[in-house]
Structures are given as C-alpha cells and as structure tokens.
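Shared chain: subunit A. Partners: subunit B in the first complex, subunit C in the second.
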Partner chain A sequence: MYTQALNGIPDEATDQSSEAARFQARVDAEQKIEPNDWMPDAYRRTLVRQISQHAHSEIVGMLPEGNWITRAPSLKRKVALLAKVQDEAGHGLYLYAAAETLDVSREELIGQLLAGKAKYSSIFNYPTLTWADIGAIGWLVDGAAIMNQIPLCRCSYGPYARAMIRICKEESFHQRQGYEIMLTLARGTPEQKAMAQDALNRWWWPCLMMFGPPDSESQHSDQSTRWKIKRFSNDDLRQKFIDATVPQAHYLGLTIPDKELAYDDASGHWKIGPIDWAEFKRVLAGGGPCNRERMRARRKAHEDGAWVREAALAYAQKRRARREAMQIAAE
Partner chain B sequence: MATTSISFAESSLLNLVLRRADDALILGHRLSEWCGHAPMVEEDIALANIALDLVGQARSLYGYAALVEGSGLTEDHFAYRREQHQYRNCLLVEQPNGDFAATIVRQVLFSAFMDLYWREMMTSRDKALAAMAGKAEKETAYHLRHSGEWLIRLGDGTDDSHERAQTALDELWVYTGELFEADDIERGLAQSGVAPDVLSLEGSWNQRLAPILREARLEIPQAPFMQSGGRSGRHSEHVGYILADLQYLQRTHPEAVW
Partner chain C sequence: MSEKHLPLWEVFIRSRSGLAHKHCGSLHAADAEMALQAARDVYTRRGEGNSIWVVPSSAIVASDPADKDELFEPALSKIYRHPTFYDVPDEVGHM
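After this line comes the complex of A and B, so read on.
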C-alpha cells in the first residue's frame, strides 16, 4: 500500500516555456519521463510527495500486521504473514529508491515522516484487534491499494511506473491470501465467523476512505490527470472497488455494514450510504485510534537503531581508510 | 474440561527431532519480533528472511516428528499444543532480542553451531534428516554470513557499538555450553549414525568463531559456569511468554481450523 489522495498540489504548474510544452507533448504521447529528463518543478514536487507518502505507507503499514506475526494461529499462516509484511518492507524500499531518482534522499524523507510533516495512508491508524483483521487487511486494504495502484503502472514517470508494476503483482497475491483467511474464518466456528464479520464492520468504511475525498471536494486532480500521474478520479476508483468487493462479501456470507447498500440496475453499480468524511478528516489530522502509537513505534525504531547505523558507517569508513593505507604502502 | 495439550511417547529420535525443530521455531519467533522495528528497512527484510528460513525448517522437522510419532499429529500440534516443559529448545534461542547487538551475537553463536551440525547431518543414515539438512545447511551458512558481517561491523564500528557487542557476547556466552551437551539421546543417535555427535563439534565451532571475533575485535569471554536445562524442558522464564503469544489462538479456540 498505499496511495491516498494528495493534499494540496502547488498550482503554479502552468509553465509556458517551450521545455514545458515539449514535456507535456511527451506525456500526452504516453512517453515515459525519466530521471534525467527536464520536468516542471511542480511535477517533481508532486511526485516526490506522492511517492514518499506511498513509501511511508508501506513502512507504517508493517506495524498493524506485524502485530499478529507472533500470534498467527498456524505455522502456515505465520509464514505467509511474515512473508507478506516482508514484502511491504520491500515495497517501501523500491519506492524510496524511486523517490531518490528525483534528487531527494531516503534520510530526508524519513526525517519528514518522523517529524510529522509527511503523510501516510490513514488506514494504518486503525488497530488490528483480532486475527480476522489480518484477513480483512489483505482482502480490503490490499484490494483497495490495487485499485489505486494498477493505473499507476502507466504513470508518466518511468521509475514510479516500474516500481508499481512490481508492487502490484505482490499486492494481488496479498489480496488473495487475505480473502482466503476470511473464507476460512467464514466457514469456521461461530466464533470465527463472528470475528470475520466484526473485522469487516470495522475495516469497510475506512477502506472506502482510502480513495480520498469525493471528487466534488478534491480540487487538484486536474493537474495530476494532465501529467498522467492520476488516471481515474477518487470516486471512480472507489466505485470500482465497491463493485468488486460487495459480491466477494456476499460469497463469504458476510454483511457489508451499510444499511443503504443497494444494487442499482440502471447504472449496474452498487450504491452505498454516505461516507463519514468527518472521521476521515479527523484521522488524517492525527485523531485516529493509533496515529500516536504508529508514529511512536517508527520513531523508536529509528532512534534505537541510530547507533547501529552509525556503527555501520564508522566501520565502512575505517575499512576504506585501511584499504587506502595499504595501497599507499604498496606503491 | 480436559487439557488442550497433547501427550505422546517421546522416542530418542522424536526427542532429537523436536530439539532441532524447537530451536528453529523459537529463534524464528524471536527474530520475527523485529519485523517493523529494525534499525533500517534492509534489516527488517533480512531478519524476516532468517526467521522465515527457521520457521520453514521447524515445519519440515515437525512434519517429520509427526511421521515418527505415528498417531496422526500434525506440525501445528507440536508447535501449538505442547507445554513449556515439553519444548526441547536450548536456552540460547529463547533469550530476548535485547538490542541489535544481542540479536546478532545470539545469531552468530547459534548459526555457527547449526551450520556445522547440518553439514554433518547431511550424511545421516536417516534419509529424511539428511535431506532436510542439505537444505537447512545452505540457509544456515547465509545466516552465519549475514550475522557474522554485522558482528564485525558492530565490534569494529564505534566505541558504543563495540561495547554493546562485547556485553552481548559476555552475557550470551553462558548459554553456549548447552549446545555441546551430549546426553544419552544425542550420544545414542550419534553412535548409530543418525545424528552428529554434538560434543565433537565444539572444537570446530571455536575455530569458526575465532576469525569473526578477531576481526570484530571482541574477546572470548571467560565463563566460570554454563547454563543448561532446555533440552529436558527446564527453560528460562521467557518461554512462558513466548508460548502465551504463540499458542493463544489455538488454545482459545481448540476446535477451530485456521
């Protein structure tokens, strides 16, 4: 995971120079922009913000699921979950590397996250309370991530697009794995089925919020669309997710926690009740159940690991110095 | 209500297989606790990798234990339905992660032993164990390389990292004697060509460690005594908490399939 709609893209993006015109022509022709190509500053800034936000989400996202590794209910599930969380760490790494092609270092980006200046997907500010949450996250959160990310595989910026292709393959594996956990629970004991329903109740609405604010309220999709960073609107992607997921919930024999949910014959879409955007804003602003814990855990890992990173650096410097001394001695 | 624990007759072979399996599972469990909290993302990945190898080894070994036991138990019965005193792992692997230095030292001490062990096990008369050893040895060689490189970085890094590494080595050294304790079970299976003679591995283990510790500028501790008891189920206080986490869902919902 996991992109979330951006907050405020700088809008002085209408650079009229000939370079800008050439750039836009290449984007329009679906050519990839590469790190050494000319690009508008606002394009670069938008990408750095989106890619780093995405990278941070992968890393913070390890925490809620990591919470269940030691308690996974079978060795098979334990191995699968550990491998999944490890994949998310790998996604974080590819994405930091993609951001670094835009002349910003991983250290700087992580510094922004730990200082509370960078965002990550709000979904990870919800707690994982039972084993079923591991199923629900795979099925719904990774599922929503895929909807958001498949179009990014065609993003105009080459390194981001290529990272997404690799990541999407793994996310769809995670999604199937999560659904399979839910299926096992739904076919299990009454307690297991209740656990699955409870997880769906708690994750459904926050997952719908992962697609970002409604189109009527998001002002900055236009520029991202022109740059071919964004291909579909928040509401379109959300609807796609709903249409794909509702039948899956029915197959599980679980109930979507929305009394207004109904199939609309005319449009062929599932219509949902109103999303609580006040909750979305509250969690985004730091008021979710786990915002503080997640940041505290990331800061602690960073601070506790500082001496290790310093040691690795000191050792590398010593080695280099020794090698140089040996070369001088040999000459 | 009856207990949710299993009971079974423990032949020498079964006991020995469980020693190896429990070592792997408990250390894998410990390493998995790092996931999301490591000093850098690369180490989140590397430690998870080692944990995955170890839990994978444990699964193969429990599978074989189930076959040896013969009454229809599964890998999960061994992992989730035994009590503390039925666990056969050594004390070293159950020690808490501590700081990164303690985790790395524990790994070097254990992997240096297991690499030698699996290498000899590859020629076991027991074909199943020999096959598992072939795979496990390759993995263990990597675990030793990775943790050994880190130990050198820490030992020869900053003053702080050197001190942490030496402290970890001093504290964990008392758990190394147990690795080479040959009781009747180890001795008997060594004599019949089923398993390596652990006592005979100590010399090579010291030789494996010496160059790593030298490069790390660390001193081999002088331990006046060693701790043991894990092989016969007398563990440190830590194992109760490990099993409370590990087994909680299976113990709470004994009828459930996951």
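After this line comes the complex of A and C, so read on.
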C-alpha cells in the first residue's frame, strides 16, 4: 500500500569523495540513478529499507481486506474487492523486484519480515470489523497512500520511480471503489449510515498517522530530501490529505471525529486537533490490535506455501536434467 | 538441488498498439512456463498487452555504466545525422 516515514539514515551519509559529488550532481540535475550506477552505501541502504518496508506494507495490507472477500454484500462488490487485493499483491511484487536491484535477495527481505525485524505501515494493524471498513480503507487508506506515492514517482532511484508509476495508475480505482461503498452506506438506512460513521471514526486518526511522525520529530528527512527520495515533508503530505478528504466526508454527510477540526481562512487549510503519537509508537512497536495476528497469518502463508515452491523447483530441475540427457544422447 | 531459490526473469510486453515488446519488470519463477503465467497475472491485469516475453535475467548482457562516455558520446557530436542539420528553402514546402 504504502511506505511510512520510519527510516533512520545512518550518520556516514555525508560522503565527501569525488564519486559522491558526481552522484549528488546527477541527483540535483534530476537524472535517474540506475542499479549499476555508483551510489553511496547509505543511499543504497536507505532505499532497501524504504522499498522493502513499502513492499511488506502492500503484502500485509492484503490481510485486513482479504477478511471480507467471502462476505462482500454483492457479487459486484466481491469482484471489485478481489481485484483490489490482487492489485496489492502486484504492488508488493513490483516493489520487492525494485528492492532486489539493490543487491538484496527476495528471500532475505521476506525473511526479515517474517522474523519481525522489518517494519510495515502501522495502519494494517487495525482490524476490519464491518463491511464499512472496506469502504473506509479504500477511501482513506488508499487515499493517504496516493498522496504519499505520487511524489515517489519522481524519486531519484529509477526502478523505484518506475514501480511507483505503475502502482499509482492502479490506486485510483482502489480509492474510488472505497468511496462508492461509503456513499452507498451513507445514503442507505440509518443503521448503514451509522456503520459508515463508525468506520470513519475508527480509521480517521490511524490514517493521519500513516504520514509518519511530525516534522519537528523526524530528524532524518533532510538527507532523503537531498537525495530526492523524499519530496515533501510528513506534515505537508498529511495536510494535503486532510484538505482533500474533509470535503469528501462532508459530501457523505459524515462527521470527522475531531472536535477541534476547523477551516482556517487565513491559510486556506483545515486545522486538526492533536494526533495521539503515543498510540502510533505503540502500534509500530508491536502493540496494535492486530500486530500478532498479521505476523501469524504471514508466517502461516509462507510455511503453507513452502511445498509448492519446492515442488516447482524440483519439477523444473527434473525437466532440465531430462533435456540435457536427451541432448547428450543426440550428439 | 542446485537451485534453492526461484530464479529471476525479466518480463517484456507488446502493447496492443502493436509496438515492440517493452521491458516492464521482473519476477521470480521456477521455470519458463510458470514465469509466463506469473507475468500474465502480475503485468497484464488491465489489458496492457497481447504478447509476453520472459527472459532469464542471467541471460541478459548489459553495457557497463562506466563505459557510458565512450559508447554514447560520439553520437552527440554527429549533428549531421539529424534532418534539422540541412537547410531546405521554405518555398520547397514540407519535406
């Protein structure tokens, strides 16, 4: 789904060599850095961490929505949700492939996730309690993801930027199908409207946290900005999302769960009340409602699929051996 | 087993407009057949193309970025290879 600003960048990031200067000049000139080009170690490590966290988020992000595929209220909703979840699998694959161009293996990256050493977006540690949550996720979670991902299409690292272009093309459908679900519920019976409101109440604040800690606390974005991996600060992106989303909620006739929310005429922005950053830290550290459940599901899927991977490899091996034997016999 | 991990493949797709196959990404698969099937699922979910090539990544030979100058620089100075280098009077019309 999306990458969160969680990345600490090591101190040796400022490399003074002439290669480093040439590298920075290329980045400054908006040239793309490609896999075989020289790059500072810290740039490589930052990208591996960010792209793999992003890939893990796409994969783990299938779980909360997958929860409702068999219970979608109509065939139309079911095929749409299936297609969306399948897209997220694709997003994960594009991103793992982009990370692999930086000399890490897929097995290594997945191993880090399953060992609990890698992070993924905190948003996927919340449960999907009702059908309205599927609407709220598409509208808000994918909406927040789009805000964050569009600038990444211009990221200095070529394979990441290209993966993001593909992903962004596919995200728009995700958000629109979610909003349509919310609209249908909001125009339905009072119970359905209440369900939509309840979903908004539970997802609003966690979605605002998706943009990462406030600028006052994220010390590391400077280097990412210089490397043109990051183009906007966490707070700027969050504000863009709020400004885009508040009128959409009003159109639904729903109330944003924030008593302090107010339009500021002077700046032209919607101002929100304080975000509970203690909750954000708790969920990131593993204390969210579903962290254990998500990891258990991923590990089980990996273990249950092991025999398929082994069988496919053994079959490919057998056919290769047979082909080679036939070639030798023919010679 | 000599291979413990699923090998990497590069995927090329011909768009419906009939242009040349274009690189669109990579994926892991045990063999060519599975690579083709996975490429269809991962890269053509919205009618992106009507033909797929998959090539083992290990079979690709690439130019070295370090040689970029000597390989590509010579072309930059050869402006006479471009139509705009030649003057044709306006009266002749479009050519």
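Note that in this section the second predicted complex is superposed on the first by the 330 of 331 C-alpha atoms of A that agree within 3 Å, B and C clash if a C-alpha of one lies under 4 Å from a C-alpha of the other, contacts with A are read in each partner's own complex, and residues count from 1 in each chain.
Throughout what follows, a contact is a pair of C-beta atoms (placed from the backbone, for glycine too) under 8 Å apart; a residue touches a chain by one contact, two chains touch by 3 or more.
No experiment lies behind these values; they were computed from the predicted model shown.
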item: Touching partner for A:W131 - first (subunit B), second (subunit C), both, neither; value: first
item: Which of subunit B and subunit C A:S172 touches, first, second, both or neither; value: neither
item: Contacts of A:Q248 with subunit B and subunit C, given as first, second, both or neither; value: neither
item: Most subunit A residues touched (candidates subunit B, subunit C); value: B
item: Touching partner for A:Q86 - first (subunit B), second (subunit C), both, neither; value: both
item: Contacts of A:N36 with subunit B and subunit C, given as first, second, both or neither; value: second
item: Which superposed partner A:K78 touches (first subunit B, second subunit C, both, neither); value: first
item: First, second, both or neither for A:G66, with subunit B first and subunit C second; value: first
item: Which superposed partner A:G188 touches (first subunit B, second subunit C, both, neither); value: first
item: Interface residues of subunit A shared between complexes with subunit B and subunit C; value: 83, 86, 90, 93, 309, 312-315
item: Interfacial residue positions of subunit A with respect to subunit C in the complex; value: 34, 36-38, 83, 86-87, 90, 93-94, 97, 100, 105-107, 163, 166, 170, 309, 312-317, 319
item: Partner subunit B, residues of subunit A touching it in the complex; value: 59, 62-63, 66, 69-79, 82-83, 85-86, 89-90, 92-93, 96, 131, 184, 188-189, 191-192, 297, 300-301, 304-315, 318
item: Subunit C residues within the subunit A interface of the complex; value: 1-6, 8, 25-31, 34, 41-42, 45-46, 62, 64-65
item: Subunit B - residues contacting subunit A, complex; value: 25, 29, 32-33, 35-45, 48-49, 51-52, 55-56, 58-59, 62, 75-76, 79-80, 99-100, 152-154, 156-158, 160-161, 164, 242, 245-246, 248-250, 253, 255-258
